[in-house]
Every structure is written in C-alpha cells, then in structure tokens.
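What follows is subunit A paired twice: with subunit B in the first complex and subunit C in the second.
== the complex of A and B ==
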C-alpha cells in the first residue's frame, strides 16, 4: 500500500493518517481507566418477571407455539428416497392371466414369421406377452423398469408386442446374423412407448443370449452428481466418472451374469492392477466394481474381450438421450463447462452412433428420447427430422442459418442414424392390451369395440400412455 | 342454430312470390334467376357489401352457406305467417290480413311440406322410411344415471375428491384420489375385525382390492354416523347447552365420515417423501377403518352414545312451539 496520505489516483477524501488512527485507538483503550473488575464477578442478572419498565412499551412479539414433540424413530438417511424410487413389479391381488406366452428365444424366433404380403403372422403379434423370471431379474438389474409405468398393478410384468417392436426385433436378429452394428434412435411424442420399446429390445436381447448394457437415465451422466477425473495424456482432454462407471459395471455384471460366467478372458490387457488370467468375464467385472479407480480400464478391457471372436452380440441402450447432447454441469480446470462427449462413457455411445466404432460380433446401439422432462437439443432434433425425411425419401430440412445453438459434435455423431418414430398403437393392439387389463381384473369395464374406439380416440389416436392414464389409473 | 330474423329485413323483402308446387329436383340455377333483379344497371353494386340483402330465407341460405349449416330451401320460400309466429312484436304490428292468416293457418302451408307427408305421396325417392341423420344412432332410453356431465363419476369418489381438495386445486385432488384407489387395489386384502362389523351384506374382504371404489365406499359408509349432536345454547337451563340429536342424510353422513378419516390421516406421520404422502396416509387410514383399527370408530361410537342419551331432548323445539300456541 502506498504511504502517501492522499489518494493520488482519484479525488476522494484523504483517508485517516496512520498516526491519527493510532491516537484514536489509544483514546478508546483509556476511556474507562478505573474499571478493573472482571465481568464474571458482577452480580447475576435477575431474570423473570421484573414488571413492565416505566416508559417502555411491552413488545407484542408473537409467542412461539409449542411444537409437538416428534416421536418414533426418524427414517434413516436415504430411506425415504428409496421408498419413493421403489419399483414394484407384482400385485398379488391381480388375477393371473391364463395362457400368457413368455417372451423367450422360441417366441422371438416365431415373431419374425411373415406372410406373402409382409404381415407378421406370429400368434403373439399384437398381443401381450409375459416376461420370464430370469429376464425380469436382468431387466431389474439394469434398471429398465420405471416407477411410472404401472408394473405394480399386474401379477407379473408383461409387454404388448406391437408392430414396431417386431420390426425392431427383426433388425436385432439381422444384426446378429450379419455381424453389423445397428444404430437406432427411438423418437415419438410423450407417452408413445419409447422407453417400453427400449425395454422390449432389452428383453428380446436377453432372450437371445445377448449382453445388454444400459444407461437408464442419461441425466446421471451430465448432472455433476458423481465424481469425475481427467484421463492423463489425452488430447483433447477426456474425463472419466469412476464411481458411476463402477456401479455401471456392477449392473452389467448382475444383469448378464449367466452369459458372462461362461465367457473366459482370452487376451492380455495393459491394466494398472494385477488380474489373474483365465478368469470369467463376470469375475473380471467384479474387480472393477470393488475398485473405482480401475473401473474404466476394466471396462475397456471388457469391451475388447467382448469384441474378440465368438462372443455374443451386444446391445447398448440409453434413455433420455437429449441430456448428453450438449454441455454437462461438470467444469474443467479453467472453470469452463465440459462437453458431454468428452466423458468416456458418453463418447463410447457417440462413437458407436457415428460409426467410428463397430461391434465385431454384431449388435445394436439404441437410444430413446424423452419428451416429457428433458432439455431440448436442436441438433439432435434436426438430425432426427432429417433422418426421418431421408427414410421417407423427402427433401431434407436445412439447418436454420440464424441459429447459433447447433452443436457441431452432436451433428457429426448423428449424421447418418436410423430413426424409429413411434405414434399411437392400432385399435387391434389397444384392444388386446385392454383385454389383458380386464383379464387381470384391473380394468373393470366391458371391453368391446365401442369402448376401445372411445379410449383409443380420447388418447390421441392410440397414444399408449394416454390409454393407460385414461383407462387404468382411475383418475376420476 | 336458425339464423336470427329481424322484421325490418323481413318486411323489406316480403316478396309475395307464388310458392312453386313441389318440384324437389329443381336445378339450383332457377333459384339464382328467381332472385330479385336490380332495377337499373347503375344500381348494381360495386362491392359485395353494397348489395342489398335478399329476403329472409335468402339471407338465411347465404348465412348457412357461409357457416356450413343446412340452408333453408329457397325454392320453398318462407311464409310470412311462419316468420311472425316467432316474432311477437311483429305479430302485433302486422296488417289485419296477415293477422287473420295467423289465426287460421291454412293446412297446406306446413303439413304438406313434411317429409312424412311427401313420403306418403310417394314423392320422395331413394329415402328410407327409417329416421336418418344420426351418425352414431340414438341413445338408449332411459339414460344411465351417470350420463349427465355433472354426475359422471361415482358419487362417493366425487365427494371424497372434493373434500381432499385444498386451495381449489381439483387436479391435485384427483391425482391424490387416483393414488388412493391404486393403493387400495395393490395393498394386501384387509383382515376384518368382527367387533367392528362393516355394512351388512358387504362382500368378503378378499374381493375388495380389485374393486377399490367399493372398498372406499364400504369404509366410508360403515363408519358414517347416523346423527349429529346439535348443542342448543342455554336451552338446558343455567346457561348450559342442550344436546339434541339430529338425523343426517346420506351425503351428510358420508361427509362426516370422510372428514374424520381425513383428520386422522393428517395427524399421522408420513414414512416416505414426495407429493403422494398425504394420499398414502389417507389410503392407510381407509384400510385401517375396514380392519377396525382406526380411531374413527371411537368417534362414531361416541356420537351414537351421546345421541342415545340425549334422545329425551328430541322434542325440544316442538314443546316450545306448543307452549307458544
């Protein structure tokens, strides 16, 4: 600090001289020279009713109410949230539907039968199928079931096999046969069954012995709620999410345990820790589960192993995809937001979508959008629109030249994707679904053509979430 | 909706035109010719707005064309009597001749034009005798009780929803109601207590979860009190209130029971978190009512007990009236 007494840069009043200041402090200290009694020796203040002081008005402060004492044990940390997020998959009150076909390998094979005019002739086409117990366990492990999907109303989880689902199954089967990587985005209005289409793909994949890897909610990748770390010596800088990756590995291991137990390690990997050779892939993933620091290297090695010869095909799925189509909430060293494609898990999905990475044994990468509570990504929306127009042979919509918010990296990742656009189910499908509800004893109504047509029309021409809301939720 | 007819326009163009005899398939072009022509070329309108209005039926026909409604058949013309029938003021000011015509309506003005009449004459072809024009058919009579917009839902569910509502937020109340009914059908069947009998003739407890509306109704109706106690101030002498039992109607009984259940639920502690917590507690309370565990039963018992002991006071008002007379 400059020692000059006046502020030479401005015209403000000069500050106090240091000598003046010290003299003031001295004055303060000498103001009560005769009081040498310690405050602790002073007589205690008399509390209580001293009567109103003369000339002082009493305060009209509101008296505090006696709150009732909280009795009982308070809930443990996380217990209340767990109750809220609990997924119930069975209702013991509901009637078990007789002769419900399971979605197993045999059914999946039978689904693909067509007649000469290209119609699916399988007896379960357009009908409700049950999910077998092992598939349900696997789907639960990868967190495919959501709380809002109404699983808790029926005796066991079951799915409507709609036409689009058979199309999807067909493309999965062909991907495994031709060892190609299917790239698909499922889009559609709110409540049209995008997440359930993902679930159908996962169930069909489990039935065929695929290895399924799922991101149930892409928001978890970008919301900065799990820890992150830079990967050294990467240009541009890449980042990992160790805890997330570790718990992800656990889900993968749990869901695909029967399949991964049979697969042994074959390759040598450059890993930061010693790994016993010739262990099963399931055991190998467990190492990554226990040690978060090596979770990502373990996943990389796992990916290499899965792309070795004679391995089962893989299905990678992601829901609420628009979350990973932009910046994350994470920040780098310079306090700038990090792009979501700089995180390795998201990068894997995007490389698969752009075609930079392929799965050697065939497989599919499927992403579903969310149209209820998710950020808008104009790049993704444009890519979806252009893909639909390309599929229909129409003229492509050009990007808006006055818009700045397009994301180049999203554009390049989604350049040539395939899009499945979902809309309402047909009346026949709606009817078989409502018949299943009625057979379960949950829908207490006659199911005839008129009622089906009414519900179908009220639900925006068969938007399945709206049919459910209208007929099943008893919102009256 | 028929277009509004005003008399000025009507009287301006009361064209006395001979009604054409029944020519149903007359081509439209003749109607255009039949329109009033302009006296001179000079008076021809330059813009469509300057054109004088046609007579009532023509105006109605034009309006109908614009609005996409069924337009009146211009070929028929509109009789003055018919116009005046709808216009009381015009009727009073009408000329005597026309007044007479109204009082003695000629038979051939209206009756000969009905579809039935013309059908009988064999005049209309390709028209079936069955009533036509109903796209979805006529409803079956008598109408069901929930056919009215305001009574479309179950009365108990409706009442509970309204009593659940806070700050006028009906949608939130409906969501809570939906949660309650769904909770009732997913929770285990209740274990009924023989000391707390439910309504006579109620189905077994195992049947209740799949019929949640019945479950709710049964809980409410079983615990609903038959009466309430009215305290008449100073009537017992010495400034004491006199307790007089008053019988309740069905809706009032239900209301009392629902309010008791809601009070009990609001005093409970919620175990989870989220916006469905109150609904959860209400649903739990309903289950405990059916199981006979709820304190609402005590309230009901107390009211009934007081009512029994105070039944001597039933004649309170009537006695006084007798004395006064």
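== the complex of A and C ==
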C-alpha cells in the first residue's frame, strides 16, 4: 500500500494542519485513518418539505392523516443501546442460597480430583458454584455476561460445574503446567451453554491468576462499525482497528488490573511514542487506551511482555466465531472487501489457532460458535466436523468438490484444532441446577425425579438453555 | 333426514332417495306398506271401483254365447274373499304409528315365543349398535317418539341375550334388520406387538401430518426425525404434545421414543406424534388405556382445514363491502 491519503468514501485529503499536529505519529502510521462514514460531508437533511410539489396532482379520495405529534424527549444518542446492553447481575428479591461454594483457586484445584474409574470426585462436580466478587468484576469488564443469560434472576452470579467444564479446567491447568497453548473450539446446538462454557473458562482462569483477553462478540470485528487503517509496508496488506483496539486494551487492563499491577515492563520496545521504563503493564496499557493511534503497537509490546519469562499464562477467548471466518464489511482502496484475517486482532487469534504463534508461558485460545443469527462458514463447519470425527477415530468427511465457497485461509487456520461438542446436561446436573433455582426462590415448584425428568426430556435431552426457558421464563 | 313430516304420498319416494337402509329393503317395505294400507285382496287390486262379480254355481251357462269357453263355475275355495269395504291389512292401521306398532308387535311376539331359550351371562352377549331413532323414523316414515323406540330397543337387547348357538333364524333376521350397517364394536384396533428388541410401533395422524413412533423402555430420551425435541419443535407446547402420553401417565423417564413424522406443519406433526406415542405406549402397557383415553392420546382428531368457498375470500371470509 502506498502512502496515499485519499479516503475513498469522502474523497478528501486530511487537512494539512492535522498532519502537522500528528507528525510524531506519522512517522509510524503514515497513512491517514480511514473513516467508515463521512457524515460531516453529507448534504444537509431537508426538513419540513410538506408543501404540494409542482406537477404532482394530489388525489382527493384519500386524505393524508396528520402524524401524531411527537411528545416527550427522544432518547439521547447511545441511550437505547446502553439499555439494550445493560447486564443486571443481582436481584435483591431473590433468596440468597446458603453454603454456595465460590469458584476460587482452591475450588479449581479440588475440581480435578478423580477416582480410579476416571470420575470426578470433587464435592462441587455437577453442582452450582458462586463466582467471587473480584471475578465478577473482571468478567463484567471483559463483557462476558450477556443479557439473555438470566443473571438478573438470582442474588449473585453462579455457574453449574458440568462434566465438560471440569474437562476444560483440567486442560487449562495442564496447559499452564506444561507451558503449551491449548487450542479449542466449543460447538453445540442452540442453548447448550457454549458461551457459559467460555465464561467458566474465564472464571477458572481468573481464579488461577491468568490474564484473560476476550472478544465478546466477533461481529464487532467485521461489521465495519469502527474505524480502520492500513499498516504500512505490510505484504499482504494488514489492517488495524484503532478505536476498537483502544477500547479492547481498556477492557484487558480493567479486567486483569490486580494481576497486571504486579507485572513490570522488562523489555525495550520500538514504539512510536516514548514510554517511561519500568512501569507496570497496567499503566502501560493505559497509554494505549488514551491514544488510539498507538493502541495496536502497545498491544504488540504487551504481547511480547506477556510472553517473556515468568509471566502468568494467558487465556484468549472469542464468541460468535463464525463472523471472522470470511470477508468483512470493510473495503480496501480498490473497494474490494477485506478478508477478516487481514485484520490484526483476528489474525492474532487465527495464528494462535493454526499454531503459527505460541504462548511461551502456556495458555489457551478458546472460541465458541453461536447459533443465533450468525453467518454460516462452511469451512469452519467442515473443520469442526472433521475435528470431531478425528477425535472419535472415524473416517473424515471430505470437502464437497462442487462447492466454491470454502475459504482457504479458514481451512489452513483451523486445520488441527480440538473441538468440544456440547449437548445436554445429565439428569443429575439438571437436578442440582433446578435445586439451586428452587433454593433461590425462582423456581416455585417441587424438584423431584419426575419433574426433573420431564423438564429434561422437554428440553431436548437436557439442553440447558431450554430447561431454563421451560422452567424459569414466563409461559405465554 | 327426517321424512315423517311429508305427506304420505311423497314419503316413499323420499325414503328411496335418502334412507340409510339398503335399497332392496326399502323397496320391500314400500310394497308392504301399499298392500297393508289399501289391499282388500291381491286379485281385486286391479280395480277398486268395480270388483268382479261372482254369479255362483247355480247360474246356467248361456247357449251360443260370445265366449267359446263360456262362464266356468268358479270354485268357492279358489275365489278370494270379497269385502264389501276396504279392510286394512294390519289391525294397527288405526293406531297413530301403524308401522311402528307392527314392528313392535312382531318383536313382542318373537320375544314371547323364545323367552324360554337359554341366555348368556350379562356382558357376554355380542355388542350391538342399533339403528338410531332418526334412522328408524326415516325408515318407517312416522313420527316415532324416542320413548316408543326405546321399547323396540329393549326387546332387541333382550333377544340379543339369547345364546348364540340356539338363536332362531327369525330372531337373527329381526336383529339384523335393526342392526346398524357399520358396527363400531367390531372395529378392534390392532395392537402392535413388542418386537424382539423391546420396541412397539404406533402410528398417528393429525391434519395433513402422519407420524410413527417406536417406544422402548429407557430413560426419557426423545428423537424426532433424528433431532432432539428442542431442535425438532420450537414451541414448548408442541414438545409437550409429543410426550403428552408419557407425561400424563407419569412414564416420561421410563421410555425412550424414536419417531418419524412427515407432512403437514409443526402442530400437525406434534399432535400426530401424540397419537403415535400413545398407541405405542398402550402396546407396552394395555392397562393404561383408560388413562390415555382420558388424556386424549388415543382419539384421532378428525378436523381438517375447511375448504374455500366460491364468493368467499377464504372458507368463511367475505370480501370487503365496496360502494359501487
């Protein structure tokens, strides 16, 4: 990419003044940041054009009704979105469940106990555990809680420790011990708890002092709602999303503050701005938060620091992964769509998945698919299917030779991933969950074997979201 | 299909057209009515006004008469009785419902004659469904009261108690005459056997959907067309419909269901599965029949979509009224 500063949408060049002001930055990012909208240059809206137009005859038969007067103030910009995204994590009317075990370091260690036949013997296996306050704050900072998960029904956030969750915890612990990078994709039918499995991994990681980095909704990376800029002198051309990266750094910094405050910068980095040496990583990230232009170089330096010796392991998670398995809505200079793997944040995840990058101190990269309004990526679906078949020792499904929509880059990124297929919970797990609901005063029903069996069967053999829908949501 | 309000001259034609009784039987009845109502004697039916005159034996044969054979003396025994006035064939002609009265008398006679025959124990007699009152009314063309018809039914029920091996042919004929054309009690549903893998098969229909369900002892897992209940049916109500037979009998954690459904929409498929699972469950546990019947898992819902009519937008909807 040349250093042309023409934005294709607004066809304007950045003013001379701004380029002079940011001459310091321009040493690194020479090209101007692209803007996805050019509202300032849009023609002014024409209002109040109610009069009869020339040459247009009005019909006498149907009279236009006068629109009702708008009363009340329209919501402020962003107010509706804030309301939609509001996550309520506590309900003071719910009964507090007595002797609820917290998911802390001790519990996580205890989870892994097994007996001779390979069954988990921990007292919290198959039971509901509470999330400690610090973990809740961290999880909220990385936007792990979603509005549709029903957190607002209970006194405090808590999780069911199902068998797959213990398996996952086990692999995380072994990754930290052996300093390897676990690569995992969580797949399953709608409502089987894929996002909550991510949440469990994050909570377990926080409990063990890991650094957790999360993309709560991969759609934000591809939907062309944040600004983007090319990275000069890259071949093939790579792109950054400065504002997104900056807010991402803020989330990382907030969520892992206790951990990052204790870690000091040790390396020398080639950064476009001068950074005081020996500051904590938390303080270092704050620099990237305040300056969007340097957010990505700061993250790169942060990544290097985290891969230095004696750093805590890292957990990278991403939800609704199929969004990043294809083209984005962003366009390059030739007005072609940009592939999502050309964006550096997505590229980091994909390099981790393909094994091109490893975490030196161990860690895991986990992605969850989504079954609600997410695009289909046939390459990812095939990779997941083949991974499941490989794990089961079955014959692999071949690619469809008549299909053109396979994505080579996705194929190569997901060549040898591990897949965790989630389905319904067992009846014992469903029962302990329903007992927790009953103890919280949310499920006002006797919980016995008959009722558990009924709800379990109606929920498609224990699909946990459907059990919740059936038992807790109002039936209309 | 009542014809009892029609004038007597029209009744018979209408009966032919719309009576549920077989045609041959109707015709028989019509001839009977005629004869019973108006006959004096079969030979005199040709002309009511001028019956033949008998001149008796003492009359001499005229000589060189017009006829070669001449008048032959008619034998008294051969000659039918001549009534000076019209006599009804049945004494019940003067009752309000002569045909009904005749029928009742015939049955009463039969009962009187055969009341000494041995009978079967109550409950062991063959189950019969008699013609309904409306059908009987149409058949005889008289305004028969329900209480009157009940008398006939009572006698028929009593006659039905006669031991089948000793049933006289005329009683059997009388019973057959009053039997419904289709005996609902003869329709015994086939029960699917439990196969060597412990499965039973049930089939069900609803609207345009058909379903088959294999039920086997298990832990309450359900698969419909290879999908779980949650994947197969979005509505919770539909899911409940599928397992309703198991749920209403408290067997939801005792059996597994593997089902195929096709045709129609989601509601149709779900409710076809209700029937299929109910029947398959009944094959495992026949004692559940009353409970399943009460839960509505054995009754086919016959309702179908109502047809569209000409002049209507849909089945009932009329186009909006427009001035001019």
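The working rule: the second predicted complex is superposed on the first by the 401 of 476 C-alpha atoms of A that agree within 3 Å, B and C clash if a C-alpha of one lies under 4 Å from a C-alpha of the other, contacts with A are read in each partner's own complex, and residues count from 1 in each chain.
The working rule: contacts are C-beta pairs under 8 Å (C-beta built on N, C-alpha and C of every residue); 3 or more make two chains touch, one makes a residue touch a chain.
Remember, it's a predicted structure, so these values are computed and weren't measured experimentally.
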**Message:** Given the alignment on subunit A, is it a clash or a fit between subunit B and subunit C?
**Reply:** clash
**Asked** In the superposed arrangement, which partner chain does A:453 touch: subunit B (first), subunit C (second), both, or neither?
**Response** second
**Request:** Tell me which partner A:268 touches in the superposition: subunit B (first), subunit C (second), both or neither.
**Result:** neither
**Prompt:** If you stack the two complexes on chain A, which partner ends up touching A:395: first (subunit B), second (subunit C), both, or neither?
**Reply:** neither
**Request:** Could you tell me if A:191 is touching subunit B, subunit C, both of them or neither one (first, second, both, neither)?
**Result:** second
**Request:** Figure out whether A:84 sits in contact with subunit B (first) or subunit C (second), or with both, or with neither.
**Result:** first
**Asked** Is A:461 touching the first partner subunit B, the second partner subunit C, both, or neither of them?
**Response** second
**Prompt:** Is A:424 in contact with subunit B, with subunit C, with both, or with neither (first, second, both, neither)?
**Reply:** second
**Prompt:** Now for A:65: first (subunit B), second (subunit C), both, or neither, which partner does it touch?
**Reply:** neither
**Request:** Tell me which stretch of subunit B runs into subunit C once the two are superposed: 79-87, 205-213 or 223-231.
**Result:** 79-87
**Set of subunit A residues, in rising order, touched by both subunit B and subunit C** = 475
**Asked** Inside the complex, what are the residues of subunit B that reach subunit A?
**Response** 153-154, 157-158, 161, 174-175, 177-178, 181-182, 185-189, 209-213, 269, 271-274
**Request:** Can you check the complex and tell me which residues of subunit A touch subunit B?
**Result:** 72, 75, 80-81, 83-84, 88, 91-95, 152-153, 441-442, 444, 473-476
**Item:** subunit A partner contacts - residues on subunit C that touch it in the complex
**Value:** 219-222, 228-232, 236, 239-240, 243, 246-247, 250, 252-253
**Item:** Partner subunit C, residues of subunit A touching it in the complex
**Value:** 189-191, 424, 427, 449-450, 453-454, 456-461, 463, 466, 469-470, 475
